[in-house]
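The letters A, B, C and D name the chains in turn, as written, and every chain counts its residues from 1.
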Amino acid sequence: MKVRISLFGALRDADSRGFIELEIPEQSTIATLREALQHHVRDHAPAISPNLVQRSAFASEDEILHNHRAVPENGQLAILPPVSGG
Amino acid sequence: MKVRISLFGALRDADSRGFIELEIPEQSTIATLREALQHHVRDHAPAISPNLVQRSAFASEDEILHNHRAVPENGQLAILPPVSGG
Amino acid sequence: MTDIYTAVVDISHAPLDPAAALDFVSDPRFGGIATFIGRVRQHNLGRAVTGVSYDLFEPLALRTFQEIGERAREEVGGPLKLYIAHAKGHLSIGDFAVVIAAATAHRDEAFRACRLAIEAVKHEAPIWKQEHYVDGDSAWSEGCSLCEEHREAERMAANHDGDTHGHSR
Amino acid sequence: MTDIYTAVVDISHAPLDPAAALDFVSDPRFGGIATFIGRVRQHNLGRAVTGVSYDLFEPLALRTFQEIGERAREEVGGPLKLYIAHAKGHLSIGDFAVVIAAATAHRDEAFRACRLAIEAVKHEAPIWKQEHYVDGDSAWSEGCSLCEEHREAERMAANHDGDTHGHSR
(Lines give C-alpha, C1' and ligand atoms only; values in the text may rest on other atoms or scores of the structure.)
Protein backbone atom coordinates (compact mmCIF):
# COMPACT_ATOMS: atom_id res chain seq x y z
CA MET A 1 0.00 0.00 0.00
CA LYS A 2 1.00 3.59 -0.56
CA VAL A 3 1.22 5.87 2.45
CA ARG A 4 1.62 9.61 2.54
CA ILE A 5 3.36 11.01 5.59
CA SER A 6 2.94 14.72 6.28
CA LEU A 7 6.02 16.44 7.69
CA PHE A 8 6.18 19.05 10.45
CA GLY A 9 8.76 21.10 12.28
CA ALA A 10 12.36 20.04 11.79
CA LEU A 11 11.25 17.09 9.66
CA ARG A 12 9.94 19.43 6.98
CA ASP A 13 13.54 19.55 5.76
CA ALA A 14 13.25 15.88 4.77
CA ASP A 15 11.18 16.81 1.71
CA SER A 16 10.41 20.29 0.46
CA ARG A 17 6.94 19.18 -0.69
CA GLY A 18 5.95 18.77 2.99
CA PHE A 19 5.27 15.05 2.72
CA ILE A 20 6.94 11.72 1.91
CA GLU A 21 5.26 8.90 0.02
CA LEU A 22 6.29 5.30 0.68
CA GLU A 23 5.24 1.84 -0.45
CA ILE A 24 4.84 -0.56 2.46
CA PRO A 25 3.28 -4.04 2.82
CA GLU A 26 -0.47 -4.21 3.48
CA GLN A 27 -1.39 -4.43 7.19
CA SER A 28 1.93 -3.00 8.31
CA THR A 29 2.28 -1.72 11.83
CA ILE A 30 3.58 1.70 12.71
CA ALA A 31 6.85 0.04 13.79
CA THR A 32 7.32 -1.30 10.24
CA LEU A 33 6.46 2.07 8.77
CA ARG A 34 8.98 3.74 11.05
CA GLU A 35 11.74 1.43 9.77
CA ALA A 36 10.75 2.10 6.17
CA LEU A 37 10.80 5.83 6.79
CA GLN A 38 14.19 5.62 8.44
CA HIS A 39 15.62 3.91 5.37
CA HIS A 40 14.01 6.48 3.13
CA VAL A 41 15.34 9.40 5.13
CA ARG A 42 18.85 7.90 5.30
CA ASP A 43 18.87 7.66 1.49
CA HIS A 44 17.05 10.85 0.51
CA ALA A 45 17.58 13.29 3.37
CA PRO A 46 20.88 12.40 5.00
CA ALA A 47 20.99 15.73 6.85
CA ILE A 48 18.11 14.54 9.05
CA SER A 49 19.32 12.77 12.19
CA PRO A 50 18.05 9.16 12.44
CA ASN A 51 17.56 9.88 16.11
CA LEU A 52 15.00 12.55 15.22
CA VAL A 53 12.87 10.03 13.35
CA GLN A 54 13.28 7.64 16.26
CA ARG A 55 11.99 10.25 18.73
CA SER A 56 9.07 11.22 16.51
CA ALA A 57 5.51 9.94 16.83
CA PHE A 58 3.15 8.96 14.03
CA ALA A 59 -0.40 10.22 14.12
CA SER A 60 -3.66 10.40 12.26
CA GLU A 61 -5.76 13.56 12.41
CA ASP A 62 -7.45 12.03 15.45
CA GLU A 63 -4.75 10.52 17.61
CA ILE A 64 -1.16 9.47 18.16
CA LEU A 65 -0.44 6.01 16.69
CA HIS A 66 2.05 4.04 18.74
CA ASN A 67 4.38 1.38 17.32
CA HIS A 68 2.02 -1.58 17.79
CA ARG A 69 -0.86 0.10 15.92
CA ALA A 70 -1.80 -0.69 12.32
CA VAL A 71 -1.16 1.89 9.62
CA PRO A 72 -4.53 3.54 8.83
CA GLU A 73 -6.31 2.12 5.80
CA ASN A 74 -6.50 5.46 4.06
CA GLY A 75 -2.69 5.67 4.13
CA GLN A 76 -2.73 9.23 5.50
CA LEU A 77 -0.39 9.92 8.41
CA ALA A 78 1.65 12.64 9.97
CA ILE A 79 5.03 12.31 11.62
CA LEU A 80 5.43 14.52 14.67
CA PRO A 81 8.92 15.40 15.88
CA PRO A 82 9.27 16.38 19.55
CA VAL A 83 6.86 19.23 20.20
CA SER A 84 7.67 22.74 21.38
CA GLY A 85 4.48 24.77 21.52
CA GLY A 86 3.43 27.53 23.87
CA MET B 1 -3.63 62.43 74.86
CA LYS B 2 -6.48 62.36 72.39
CA VAL B 3 -6.48 59.68 69.72
CA ARG B 4 -8.68 59.37 66.69
CA ILE B 5 -9.33 55.84 65.46
CA SER B 6 -10.62 55.44 61.90
CA LEU B 7 -13.14 52.64 61.42
CA PHE B 8 -13.38 50.16 58.52
CA GLY B 9 -15.52 47.26 57.43
CA ALA B 10 -17.83 45.82 60.08
CA LEU B 11 -16.42 48.24 62.68
CA ARG B 12 -17.87 51.21 60.79
CA ASP B 13 -21.11 50.38 62.62
CA ALA B 14 -19.43 51.39 65.90
CA ASP B 15 -19.76 55.08 64.99
CA SER B 16 -21.56 56.54 62.00
CA ARG B 17 -18.95 59.29 61.72
CA GLY B 18 -16.39 56.67 60.65
CA PHE B 19 -14.09 57.28 63.61
CA ILE B 20 -13.95 57.15 67.41
CA GLU B 21 -12.10 59.64 69.57
CA LEU B 22 -10.68 58.58 72.95
CA GLU B 23 -8.64 60.10 75.74
CA ILE B 24 -5.80 57.83 76.83
CA PRO B 25 -2.72 58.33 79.04
CA GLU B 26 0.45 59.70 77.37
CA GLN B 27 2.85 56.98 76.16
CA SER B 28 0.17 54.33 76.08
CA THR B 29 0.81 51.13 74.19
CA ILE B 30 -1.52 49.67 71.63
CA ALA B 31 -2.57 47.08 74.22
CA THR B 32 -3.77 49.88 76.50
CA LEU B 33 -5.55 51.57 73.63
CA ARG B 34 -7.25 48.29 72.73
CA GLU B 35 -8.63 48.00 76.25
CA ALA B 36 -9.86 51.57 76.21
CA LEU B 37 -11.54 51.00 72.88
CA GLN B 38 -13.19 47.84 74.14
CA HIS B 39 -14.70 49.75 77.05
CA HIS B 40 -15.86 52.48 74.71
CA VAL B 41 -17.46 50.06 72.28
CA ARG B 42 -19.17 48.12 75.08
CA ASP B 43 -20.73 51.38 76.30
CA HIS B 44 -21.48 53.13 73.03
CA ALA B 45 -21.91 50.40 70.43
CA PRO B 46 -23.13 47.29 72.22
CA ALA B 47 -24.11 45.64 68.91
CA ILE B 48 -20.40 45.25 68.09
CA SER B 49 -18.96 41.95 69.30
CA PRO B 50 -16.05 42.42 71.76
CA ASN B 51 -14.44 39.51 69.95
CA LEU B 52 -14.35 41.57 66.75
CA VAL B 53 -12.32 44.30 68.47
CA GLN B 54 -10.09 41.60 69.93
CA ARG B 55 -9.39 40.15 66.46
CA SER B 56 -8.74 43.56 64.90
CA ALA B 57 -5.35 45.13 64.33
CA PHE B 58 -4.36 48.73 64.87
CA ALA B 59 -2.37 50.50 62.19
CA SER B 60 -0.91 53.78 61.08
CA GLU B 61 -0.96 54.69 57.39
CA ASP B 62 2.41 52.97 57.14
CA GLU B 63 2.18 49.75 59.08
CA ILE B 64 0.36 47.42 61.43
CA LEU B 65 0.97 48.34 65.09
CA HIS B 66 1.07 45.30 67.34
CA ASN B 67 0.12 45.32 71.05
CA HIS B 68 3.58 46.17 72.42
CA ARG B 69 3.99 49.25 70.18
CA ALA B 70 3.48 52.82 71.39
CA VAL B 71 0.48 54.78 70.17
CA PRO B 72 1.75 57.20 67.46
CA GLU B 73 2.43 60.70 68.70
CA ASN B 74 0.07 62.28 66.22
CA GLY B 75 -2.78 60.24 67.70
CA GLN B 76 -3.98 59.08 64.27
CA LEU B 77 -4.76 55.38 63.97
CA ALA B 78 -6.96 52.95 62.13
CA ILE B 79 -8.54 49.81 63.47
CA LEU B 80 -8.63 46.97 60.97
CA PRO B 81 -11.09 44.13 61.45
CA PRO B 82 -10.23 40.81 59.79
CA VAL B 83 -9.66 41.47 56.09
CA SER B 84 -11.54 40.02 53.15
CA GLY B 85 -10.17 41.56 49.96
CA GLY B 86 -9.80 40.07 46.51
CA MET C 1 10.21 50.80 41.61
CA THR C 2 8.75 51.26 38.16
CA ASP C 3 8.34 47.53 37.62
CA ILE C 4 5.66 47.22 40.31
CA TYR C 5 2.36 49.00 39.71
CA THR C 6 -0.17 49.29 42.52
CA ALA C 7 -3.57 50.93 42.48
CA VAL C 8 -6.85 51.26 44.31
CA VAL C 9 -9.52 52.08 41.74
CA ASP C 10 -12.75 53.81 42.68
CA ILE C 11 -15.06 52.02 40.33
CA SER C 12 -17.61 54.79 40.37
CA HIS C 13 -15.03 56.47 38.11
CA ALA C 14 -13.65 53.60 36.03
CA PRO C 15 -13.60 49.81 36.09
CA LEU C 16 -10.46 47.75 36.61
CA ASP C 17 -8.77 47.21 33.26
CA PRO C 18 -7.11 43.85 32.54
CA ALA C 19 -5.74 45.21 29.24
CA ALA C 20 -3.88 47.94 31.14
CA ALA C 21 -2.41 45.25 33.40
CA LEU C 22 -1.12 43.33 30.35
CA ASP C 23 0.30 46.51 28.85
CA PHE C 24 2.10 47.36 32.07
CA VAL C 25 3.83 44.01 32.47
CA SER C 26 4.71 43.55 28.80
CA ASP C 27 8.42 43.57 28.14
CA PRO C 28 10.61 42.03 25.43
CA ARG C 29 12.51 40.15 28.14
CA PHE C 30 9.43 38.29 29.30
CA GLY C 31 7.87 35.21 27.74
CA GLY C 32 5.30 34.37 30.41
CA ILE C 33 2.43 36.43 31.78
CA ALA C 34 0.18 34.98 34.47
CA THR C 35 -2.86 36.93 35.54
CA PHE C 36 -5.58 36.54 38.09
CA ILE C 37 -8.87 38.38 37.92
CA GLY C 38 -11.38 38.24 40.72
CA ARG C 39 -14.96 38.98 39.74
CA VAL C 40 -18.12 39.38 41.76
CA ARG C 41 -20.14 36.21 41.47
CA GLN C 42 -23.81 35.63 41.85
CA HIS C 43 -23.72 33.26 44.80
CA ASN C 44 -21.58 32.96 47.87
CA LEU C 45 -21.98 30.23 50.45
CA GLY C 46 -25.37 29.45 48.95
CA ARG C 47 -26.82 32.97 49.14
CA ALA C 48 -27.86 34.95 46.06
CA VAL C 49 -25.70 38.06 45.87
CA THR C 50 -26.74 41.26 44.09
CA GLY C 51 -23.45 43.07 44.54
CA VAL C 52 -20.62 43.78 46.93
CA SER C 53 -19.02 46.88 48.44
CA TYR C 54 -15.30 47.11 49.10
CA ASP C 55 -13.99 49.30 51.87
CA LEU C 56 -10.22 49.97 51.94
CA PHE C 57 -7.74 51.74 54.16
CA GLU C 58 -6.07 53.14 51.09
CA PRO C 59 -2.65 54.39 52.16
CA LEU C 60 -1.84 51.15 53.96
CA ALA C 61 -3.40 49.03 51.20
CA LEU C 62 -1.10 50.63 48.63
CA ARG C 63 1.92 50.15 50.89
CA THR C 64 0.91 46.54 51.40
CA PHE C 65 0.59 45.96 47.63
CA GLN C 66 4.06 47.43 47.14
CA GLU C 67 5.50 45.25 49.88
CA ILE C 68 3.81 42.21 48.32
CA GLY C 69 5.41 43.14 44.99
CA GLU C 70 8.83 43.25 46.58
CA ARG C 71 8.26 39.88 48.18
CA ALA C 72 7.22 38.47 44.78
CA ARG C 73 10.39 39.87 43.26
CA GLU C 74 12.48 38.09 45.89
CA GLU C 75 10.56 34.89 45.27
CA VAL C 76 11.20 35.13 41.52
CA GLY C 77 14.84 36.07 42.01
CA GLY C 78 15.06 37.72 38.59
CA PRO C 79 13.39 40.37 36.46
CA LEU C 80 9.67 40.73 37.14
CA LYS C 81 6.90 43.17 36.36
CA LEU C 82 3.87 43.01 38.58
CA TYR C 83 0.54 44.83 38.46
CA ILE C 84 -1.84 44.84 41.44
CA ALA C 85 -5.10 46.77 41.33
CA HIS C 86 -8.09 46.45 43.64
CA ALA C 87 -11.53 47.96 43.26
CA LYS C 88 -13.16 50.22 45.83
CA GLY C 89 -16.85 51.10 46.11
CA HIS C 90 -19.97 49.29 45.02
CA LEU C 91 -19.58 46.46 42.50
CA SER C 92 -22.25 44.56 40.59
CA ILE C 93 -22.21 40.89 39.53
CA GLY C 94 -19.45 40.38 36.99
CA ASP C 95 -17.49 43.49 37.93
CA PHE C 96 -13.78 43.03 38.48
CA ALA C 97 -12.75 43.18 42.14
CA VAL C 98 -9.03 42.60 41.69
CA VAL C 99 -6.64 42.35 38.76
CA ILE C 100 -3.14 40.94 39.12
CA ALA C 101 -0.63 40.38 36.33
CA ALA C 102 2.89 39.03 36.67
CA ALA C 103 5.38 38.79 33.82
CA THR C 104 8.74 37.05 33.94
CA ALA C 105 11.14 35.33 31.58
CA HIS C 106 9.66 31.88 32.24
CA ARG C 107 6.17 30.68 33.02
CA ASP C 108 6.72 28.95 36.33
CA GLU C 109 7.98 32.14 37.94
CA ALA C 110 5.06 34.11 36.52
CA PHE C 111 2.54 31.69 38.01
CA ARG C 112 4.32 31.72 41.36
CA ALA C 113 4.50 35.52 41.51
CA CYS C 114 0.84 35.88 40.52
CA ARG C 115 -0.31 33.33 43.06
CA LEU C 116 1.81 34.80 45.84
CA ALA C 117 0.37 38.24 45.07
CA ILE C 118 -3.30 37.27 45.10
CA GLU C 119 -2.94 35.20 48.26
CA ALA C 120 -1.17 38.06 50.01
CA VAL C 121 -3.72 40.64 48.81
CA LYS C 122 -6.51 38.50 50.21
CA HIS C 123 -4.87 37.68 53.53
CA GLU C 124 -2.87 40.80 54.32
CA ALA C 125 -4.22 43.93 52.66
CA PRO C 126 -6.59 46.20 54.63
CA ILE C 127 -9.64 45.55 52.46
CA TRP C 128 -13.16 44.57 53.55
CA LYS C 129 -15.94 43.06 51.50
CA GLN C 130 -19.60 43.57 52.25
CA GLU C 131 -22.02 41.34 50.37
CA HIS C 132 -25.51 42.52 49.48
CA TYR C 133 -28.16 39.84 49.13
CA VAL C 134 -31.34 39.52 47.13
CA ASP C 135 -33.44 39.77 50.30
CA GLY C 136 -32.02 43.24 51.08
CA ASP C 137 -29.76 41.96 53.82
CA SER C 138 -26.03 42.54 53.75
CA ALA C 139 -23.02 41.19 55.64
CA TRP C 140 -19.32 41.86 55.96
CA SER C 141 -17.37 38.77 54.93
CA GLU C 142 -15.58 36.70 57.50
CA GLY C 143 -11.92 37.47 57.12
CA CYS C 144 -8.31 37.00 58.15
CA SER C 145 -7.16 38.74 61.29
CA LEU C 146 -4.17 41.05 60.90
CA CYS C 147 -3.62 40.90 64.65
CA GLU C 148 -0.52 38.82 65.31
CA GLU C 149 -1.93 36.67 68.11
CA HIS C 150 -4.99 35.81 66.05
CA ARG C 151 -3.04 35.27 62.83
CA GLU C 152 -1.02 32.63 64.61
CA ALA C 153 -4.15 30.92 65.95
CA GLU C 154 -5.82 31.06 62.53
CA ARG C 155 -2.76 29.65 60.80
CA MET C 156 -2.78 26.69 63.14
CA ALA C 157 -6.49 26.15 62.59
CA ALA C 158 -6.01 26.41 58.82
CA ASN C 159 -3.29 23.78 58.95
CA HIS C 160 -5.81 21.44 60.48
CA ASP C 161 -8.83 22.28 58.36
CA GLY C 162 -7.57 23.70 55.09
CA ASP C 163 -8.22 27.38 54.39
CA THR C 164 -11.04 28.19 56.77
CA HIS C 165 -10.84 31.93 56.50
CA GLY C 166 -14.24 32.00 54.91
CA HIS C 167 -13.32 34.06 51.86
CA SER C 168 -12.27 31.35 49.54
CA ARG C 169 -13.01 32.75 46.10
CA MET D 1 -18.93 21.24 24.91
CA THR D 2 -19.63 24.94 24.75
CA ASP D 3 -17.65 25.66 27.92
CA ILE D 4 -14.33 24.75 26.29
CA TYR D 5 -13.11 26.97 23.44
CA THR D 6 -10.16 25.88 21.33
CA ALA D 7 -8.54 27.67 18.42
CA VAL D 8 -5.50 27.81 16.19
CA VAL D 9 -5.12 31.37 14.99
CA ASP D 10 -3.23 32.25 11.83
CA ILE D 11 -1.66 35.46 12.95
CA SER D 12 -1.22 36.75 9.42
CA HIS D 13 -4.99 37.32 9.71
CA ALA D 14 -5.44 38.37 13.35
CA PRO D 15 -3.48 38.33 16.61
CA LEU D 16 -4.47 36.28 19.62
CA ASP D 17 -6.92 38.27 21.71
CA PRO D 18 -6.71 38.04 25.52
CA ALA D 19 -9.88 40.14 25.84
CA ALA D 20 -11.81 37.55 23.83
CA ALA D 21 -10.49 34.87 26.19
CA LEU D 22 -11.79 36.80 29.21
CA ASP D 23 -15.14 37.33 27.52
CA PHE D 24 -15.47 33.64 26.75
CA VAL D 25 -14.82 32.43 30.28
CA SER D 26 -16.86 35.13 32.03
CA ASP D 27 -19.87 33.76 33.85
CA PRO D 28 -21.87 34.95 36.86
CA ARG D 29 -21.09 31.65 38.59
CA PHE D 30 -17.36 32.27 38.51
CA GLY D 31 -15.31 34.42 40.85
CA GLY D 32 -11.81 33.47 39.74
CA ILE D 33 -10.18 33.77 36.33
CA ALA D 34 -6.58 32.65 35.87
CA THR D 35 -4.90 33.31 32.56
CA PHE D 36 -1.57 32.53 31.00
CA ILE D 37 -0.20 34.37 28.01
CA GLY D 38 2.96 33.29 26.26
CA ARG D 39 4.75 35.99 24.30
CA VAL D 40 7.75 35.88 22.01
CA ARG D 41 10.72 37.19 23.91
CA GLN D 42 13.90 38.77 22.69
CA HIS D 43 16.36 36.22 23.96
CA ASN D 44 16.32 32.49 24.38
CA LEU D 45 19.18 30.50 25.86
CA GLY D 46 21.40 33.54 25.42
CA ARG D 47 20.72 34.13 21.70
CA ALA D 48 19.07 37.28 20.36
CA VAL D 49 15.81 36.30 18.69
CA THR D 50 14.12 38.36 15.96
CA GLY D 51 10.98 36.25 15.76
CA VAL D 52 9.61 32.74 15.77
CA SER D 53 7.51 30.61 13.45
CA TYR D 54 4.96 28.12 14.72
CA ASP D 55 4.11 25.05 12.69
CA LEU D 56 1.05 23.03 13.78
CA PHE D 57 -0.71 19.85 12.76
CA GLU D 58 -4.01 21.59 13.13
CA PRO D 59 -6.68 18.90 13.30
CA LEU D 60 -4.80 16.94 15.94
CA ALA D 61 -3.80 20.13 17.79
CA LEU D 62 -7.46 21.12 18.14
CA ARG D 63 -8.41 17.63 19.28
CA THR D 64 -5.57 17.74 21.79
CA PHE D 65 -6.72 21.12 23.14
CA GLN D 66 -10.23 19.74 23.56
CA GLU D 67 -8.93 16.65 25.35
CA ILE D 68 -6.83 18.89 27.62
CA GLY D 69 -9.95 20.90 28.41
CA GLU D 70 -11.80 17.78 29.41
CA ARG D 71 -8.93 16.72 31.61
CA ALA D 72 -8.96 20.17 33.26
CA ARG D 73 -12.67 19.82 33.87
CA GLU D 74 -12.12 16.50 35.64
CA GLU D 75 -9.33 18.03 37.69
CA VAL D 76 -11.58 20.90 38.77
CA GLY D 77 -14.52 18.60 39.44
CA GLY D 78 -17.05 21.42 39.05
CA PRO D 79 -18.14 24.09 36.61
CA LEU D 80 -15.30 25.43 34.46
CA LYS D 81 -14.90 27.51 31.35
CA LEU D 82 -11.61 27.19 29.54
CA TYR D 83 -10.17 29.00 26.53
CA ILE D 84 -7.12 27.69 24.68
CA ALA D 85 -5.79 29.47 21.60
CA HIS D 86 -2.40 29.04 19.94
CA ALA D 87 -0.85 31.14 17.22
CA LYS D 88 0.33 29.79 13.87
CA GLY D 89 2.69 31.45 11.41
CA HIS D 90 5.42 34.00 11.86
CA LEU D 91 5.47 35.97 15.13
CA SER D 92 7.55 39.00 16.07
CA ILE D 93 8.94 39.89 19.49
CA GLY D 94 6.07 40.64 21.84
CA ASP D 95 3.44 38.81 19.78
CA PHE D 96 1.22 36.42 21.70
CA ALA D 97 2.01 32.76 21.05
CA VAL D 98 -0.59 31.22 23.32
CA VAL D 99 -3.51 32.48 25.38
CA ILE D 100 -5.17 30.37 28.05
CA ALA D 101 -7.96 31.45 30.38
CA ALA D 102 -9.68 29.34 33.01
CA ALA D 103 -12.64 30.49 35.09
CA THR D 104 -14.14 28.65 38.04
CA ALA D 105 -16.06 29.44 41.19
CA HIS D 106 -12.90 29.66 43.32
CA ARG D 107 -9.39 30.80 42.58
CA ASP D 108 -7.39 27.70 43.44
CA GLU D 109 -9.26 25.65 40.83
CA ALA D 110 -8.79 28.37 38.23
CA PHE D 111 -5.03 28.41 38.80
CA ARG D 112 -4.84 24.62 38.66
CA ALA D 113 -6.87 24.38 35.46
CA CYS D 114 -4.84 27.13 33.78
CA ARG D 115 -1.54 25.56 34.77
CA LEU D 116 -2.63 22.08 33.72
CA ALA D 117 -3.70 23.46 30.34
CA ILE D 118 -0.50 25.36 29.52
CA GLU D 119 1.71 22.47 30.62
CA ALA D 120 -0.27 20.04 28.50
CA VAL D 121 -0.29 22.37 25.48
CA LYS D 122 3.48 22.62 25.70
CA HIS D 123 4.18 18.94 26.26
CA GLU D 124 1.46 17.21 24.26
CA ALA D 125 0.10 19.33 21.41
CA PRO D 126 1.53 18.88 17.90
CA ILE D 127 3.13 22.32 17.67
CA TRP D 128 6.69 23.21 16.68
CA LYS D 129 8.58 26.42 17.27
CA GLN D 130 11.34 27.67 15.00
CA GLU D 131 13.41 30.53 16.34
CA HIS D 132 14.95 33.10 14.02
CA TYR D 133 18.12 34.79 15.22
CA VAL D 134 19.73 38.17 14.62
CA ASP D 135 22.55 36.53 12.62
CA GLY D 136 20.05 35.12 10.08
CA ASP D 137 20.30 31.60 11.46
CA SER D 138 17.24 29.73 12.66
CA ALA D 139 16.58 26.56 14.63
CA TRP D 140 13.67 24.35 15.63
CA SER D 141 13.38 24.24 19.41
CA GLU D 142 14.29 21.12 21.29
CA GLY D 143 11.05 19.55 22.33
CA CYS D 144 9.12 16.81 24.08
CA SER D 145 8.78 13.52 22.29
CA LEU D 146 5.21 12.29 21.74
CA CYS D 147 6.58 8.79 21.15
CA GLU D 148 5.65 6.63 24.13
CA GLU D 149 9.05 4.97 24.63
CA HIS D 150 10.79 8.34 24.56
CA ARG D 151 8.23 10.08 26.72
CA GLU D 152 8.87 7.53 29.43
CA ALA D 153 12.63 8.02 29.17
CA GLU D 154 12.25 11.81 29.20
CA ARG D 155 9.94 11.69 32.18
CA MET D 156 12.50 9.71 34.15
CA ALA D 157 15.27 12.12 33.14
CA ALA D 158 13.08 15.09 34.10
CA ASN D 159 12.46 13.57 37.52
CA HIS D 160 16.19 13.59 38.05
CA ASP D 161 17.02 16.95 36.54
CA GLY D 162 13.89 19.08 36.71
CA ASP D 163 12.23 20.03 33.43
CA THR D 164 14.97 19.47 30.90
CA HIS D 165 12.82 19.57 27.82
CA GLY D 166 14.58 22.69 26.69
CA HIS D 167 11.47 24.78 26.10
CA SER D 168 11.04 26.24 29.48
CA ARG D 169 9.25 29.49 28.81
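In this text, a contact is a pair of C-beta atoms (placed from the backbone, for glycine too) under 8 Å apart; a residue touches a chain by one contact, two chains touch by 3 or more.
Not measured: the values here are computed from a predicted model.
Trainee: Can you tell me the least number of steps between subunit A and subunit C, where a step is a move to a chain it touches?
Mentor: Graph distance in the chain contact network comes out at 2.
Trainee: Cα centroid separation between subunit A and subunit B, in whole Å?
Mentor: About 73 Å separates the centre of subunit A from that of subunit B.
Trainee: Go ahead and note the Å separation of the Cα centroids belonging to subunit A and subunit D.
Mentor: Once rounded, the distance between the two centres reads 25 Å.
Trainee: Listing for subunit B: what residues touch at least two other chains?
Mentor: In subunit B, the residues touching two or more other chains are 86.
Trainee: Spell out, as numbers or ranges, the residues of subunit C touching 2 or more other chains.
Mentor: 38, 107, 118, 169
Trainee: Every touching chain pair, please?
Mentor: A-D, B-C, C-D
Trainee: Which of the residues in subunit C come into contact with subunit B in the complex?
Mentor: Touch list, subunit C to subunit B: 38, 54-57, 59-61, 63, 86, 97-98, 118, 121-130, 140-150, 165-167, 169.
Trainee: Within their complex, state which residues of subunit C touch subunit D.
Mentor: 18-19, 22, 26, 28-43, 93-94, 105-108, 110-111, 114-115, 118, 168-169
Trainee: Quick one: in the complex, what on subunit A touches subunit D?
Mentor: Against subunit D, the touching part of subunit A is residues 6, 8-10, 12, 54-57, 59-64, 66-67, 78, 80-86.
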